[in-house]
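Residue numbering begins at 1 within each chain, and the chains themselves are lettered A, B, C and D in the order written.
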């Protein structure tokens, strides 16, 4: 979307699940905008806060000491009202009333649909992909992904100590309802004997038991099984192993710990780049786009196009995992 | 126990659940013994390995690069055979046959009972308290306790990010079937609104809901509830909160992650002190004792006396927790 | 000191070098006082801020989300004016004018001298030992000590990787101008071949070179030498090693990194206990005392007595270190 | 290079400075080779060990429990002899004698020169870029880079606590003699007010003092200055700041701590991909190439071409840094 209006004030909000690095993105949006002569309003509690006019004027120091903090200082919340056209129009009117000429929305696909709707009724919006699952098709990378995976690796490294000392099997359930990126990459990094992702059919004999038996034959006496939550419950997988191999097997569900923590370098740097890029687009009167990473570069797509893209599991990486994780 | 035999070779084993710092204790036992002119045999897989004669000759370098590693390089395993007198006598005969004049047993109360039995039939044993739960009555401190608690704190600090961003309640289930030490101390350290320990009756209205409501009135909008596993399942506690307050509540079961990880300074130093003390006792022909911490000092008790002691929850600390955790 | 005045409002400040856990102590002071019906004023920038009347009214939520943060939210600064009696009297008058009936001072020996002076002219003060060096004689433990030591251990564990890979010697200079507690304890925890503390004379041949040669004979091929800054510069020690052994030797000065970081469980819990105890004393109209840890318990001493105490290095621990660190 | 000989046994060595993730690469090389039916010899101490025939037969379990460890289990060492053609020819003869048909060399540019020479005399070699500095021109990413940067970020986050509490300036010297990648990226991630890299001229007034003064005007009261070691000594930079601004300024030299530590997820995954790719090339009788990352994909270049490439500092990132780091 391209309007002739000059941008004077922008808003920024976080929406959907929180992710480490969202604060780094907020900080980059605020400071880039201020240094380009714009004003910035922070919008609390996502689209709900927009509809409730929960605004904070943001200055250079409003975003001090947040780059290293997990979560989002602007909070996030669900908003059913914004899923209706009436809510979107109301949001646009509120933006107009408050002089908000453009909006940066940090969140996932659902948040981008809202950003598209709002762009279409006249408030240009730029989406920034922020979700730990890396399940946004248009972008190779989403803010929070690297931190979440490193959290998994740290925790599984601890589990390994005890699994090893007792010659046990540890079934670890990680986030990823429809996407196995976390499971695949952390599985490789943790030396998992088995990695189960929702993008592939799961045959217990072929994909689980045969692999464990082979690893046993190779002399392995403790095992990590990494399971994306979309494949099944850790306890069910553990029971299959116990019933069929007799190996002492424990399950661990990592849960919401994966969402938090101080962001890694990569999440801080990419969030900063994406926040900067979003403001650059808005200052050029460009809206209705999503910032993304492609081949390691920061690019942008029309939201509609972005939402229609597909991203599969890295098959080469799966092949490598099967070859070396014994 | 006091024999006239001169000690020439000692054995060392780990038994029961593994705990971070066990390797530091093994290292101290081995190096202290060697520097006092003794020989050392490492016994694999606890008492089971003793009965199977799984011995390794330990030199100065056998314990290099292990002080920083979680778990136990000697592994640990259950051993039903050793619970019978026949097994104990067989173990003693194996020690005699292999020239093992004394034994250091790193583990919990169950392991000490075995050490007592073996001492009584003629192989002097010294117990070292190693368990993350701090549930060994004779000692203020058990190896692994500090690491486990710091692991909990690190994970709950991450949970806090996301609980805060969404104005949620997080119910965290930590280890402690009969002992609430981990829950109490980590609850204080994490600013938990509620701490539930098995040493106290649990009245949902008085101990849980009233506290959350009071914290809400004080302006708190996200809550950590720390629950020792002995009190009940995290999911059940979470459901009580949801049903009675309407607060969006998530449970996290930290599980075996608490057992692993590189030991903290405190676990490394105390394990080293205890390992040194255990060998000092054996070189004086003293057996049938448990090393312990009392008033911050390293002491020792007869195993029988140690097993008969009681240790309650720190009531002053509970009082402080109630006063400040709002 | 004991006055008849009833305490209605207390102040809290941090003074001297910052230490992790100071925020946990501030939080405990504020919440304990509020829950006992007192009012609390936070005083910024230590005694300087007291003289400048930099006060903040503290409520329950003023100390939210600070228990996990390093440094001090009240900041700290030097104050020459307060070293003169005129400054102390002025501070007392400011307290009276602002209705501050008692003061909690978190800091080191220098800060306690000020607290004593101020107590003597009529504003009862309680000191809480906060310094990473553990160099406050009256207390076994000072806030920040455990975090600083764990930071050292984490960093030296990283150094070990590279020292090991290259068969090198690493000389590590840690904090401690007059006290070797950090060097001794971290030296044990990191498996240092040599530990040098300011409490003991340093003979390069006897204390450094002979030990490294002996460790070499035992088959060790990489070495950690832990040096308290009070003993000498890391570079000088490294040069002695290079000149006399030919071992490739690198120095690392850990510096101010040791002062920061999220406090460990122990620092958070002890800081909470000490903060609680300080307020309990003030509510009983008791001033001119320092909170301390003795035999693992929280106690208090008259400031004068506290300042006259002496604390030496743990000689038993040094003996253990020499025995096992090969 | 392309020979007709069928590959039956490969060797693997690490050379130059160690880097976290080298063990993950070794593991991937060993397991990929074994699963493709090859035999693997581990070569200790780099090219020196090759000339001394320090070989270890590697099986599936030889590389167990190393993916999470920093440093290199094969050790590394300098080798002057291998810089002469006579040494290279001797190395080739040793390979022939021991049936080593191909070699994987994990290291930096210097190591690749050796790999090229050895390829040219008949032993096909594949280089894998392993160095924390990311200063290998042909590849966007080098093994160890992500871990080193996250180590810097963790340490500077600690420094920030204390710099903030005292309103100080911290000058942090990070690795990078000729390359500012670490300084630039960590500077952004740590919110540095100033970032100094060797790729740009350094004018103290323009690049340092003006920026600090501007940040001060914006209300910032504590400052991080990130300096690549190639620009100058931290102490000199600190002195310039002290002399010209009066701000209390401390320097920290992070040193070899940056080289160590358990590798991050990214270093483990990329190292695994690169190790796999290297073996794939050797099994196709392809040598004299370097594995690299380009646009996020794993590719390979002829060594000669790789060594002739140039890589500059990310100028867009520098621009972003200047815009937002206030």
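Following the convention adopted for this analysis, a contact is a pair of C-beta atoms (placed from the backbone, for glycine too) under 8 Å apart; a residue touches a chain by one contact, two chains touch by 3 or more.
Since this is a predicted model, take the numbers as computed values, not measurements.
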Please identify each chain that touches subunit B as well as subunit C. none
Centre-of-Cα separation between subunit C and subunit A, whole angstrom: 40
Nearest whole angstrom, what separates the Cα centre of subunit A from the Cα centre of subunit B? 37
Would you mind pulling out the distance in Å between where the CA atoms of subunit A average out and where those of subunit D do? 28
In subunit A, what residues contact two or more other chains? 157, 160, 164
Arrangement of touching chains [line / ring / star / complete / other]: ring
All touching chain pairs, where touch follows the definition stated at the start: A-B, A-D, B-C, C-D
In the complex with subunit A, residue positions of subunit B that touch it: 14, 17-18, 20, 69-72, 75-77, 151, 155, 157-167, 170, 250-261
In the complex, the residues of subunit B that touch subunit C are 24, 27-28, 31-32, 35, 60-61, 64-65, 67-68, 140, 146, 149-150, 152-153, 157, 160, 164, 185-186, 188-191, 218-220, 262, 264-266, 268-269, 272-273, 275-276, 295-297, 317, 320, 323-326
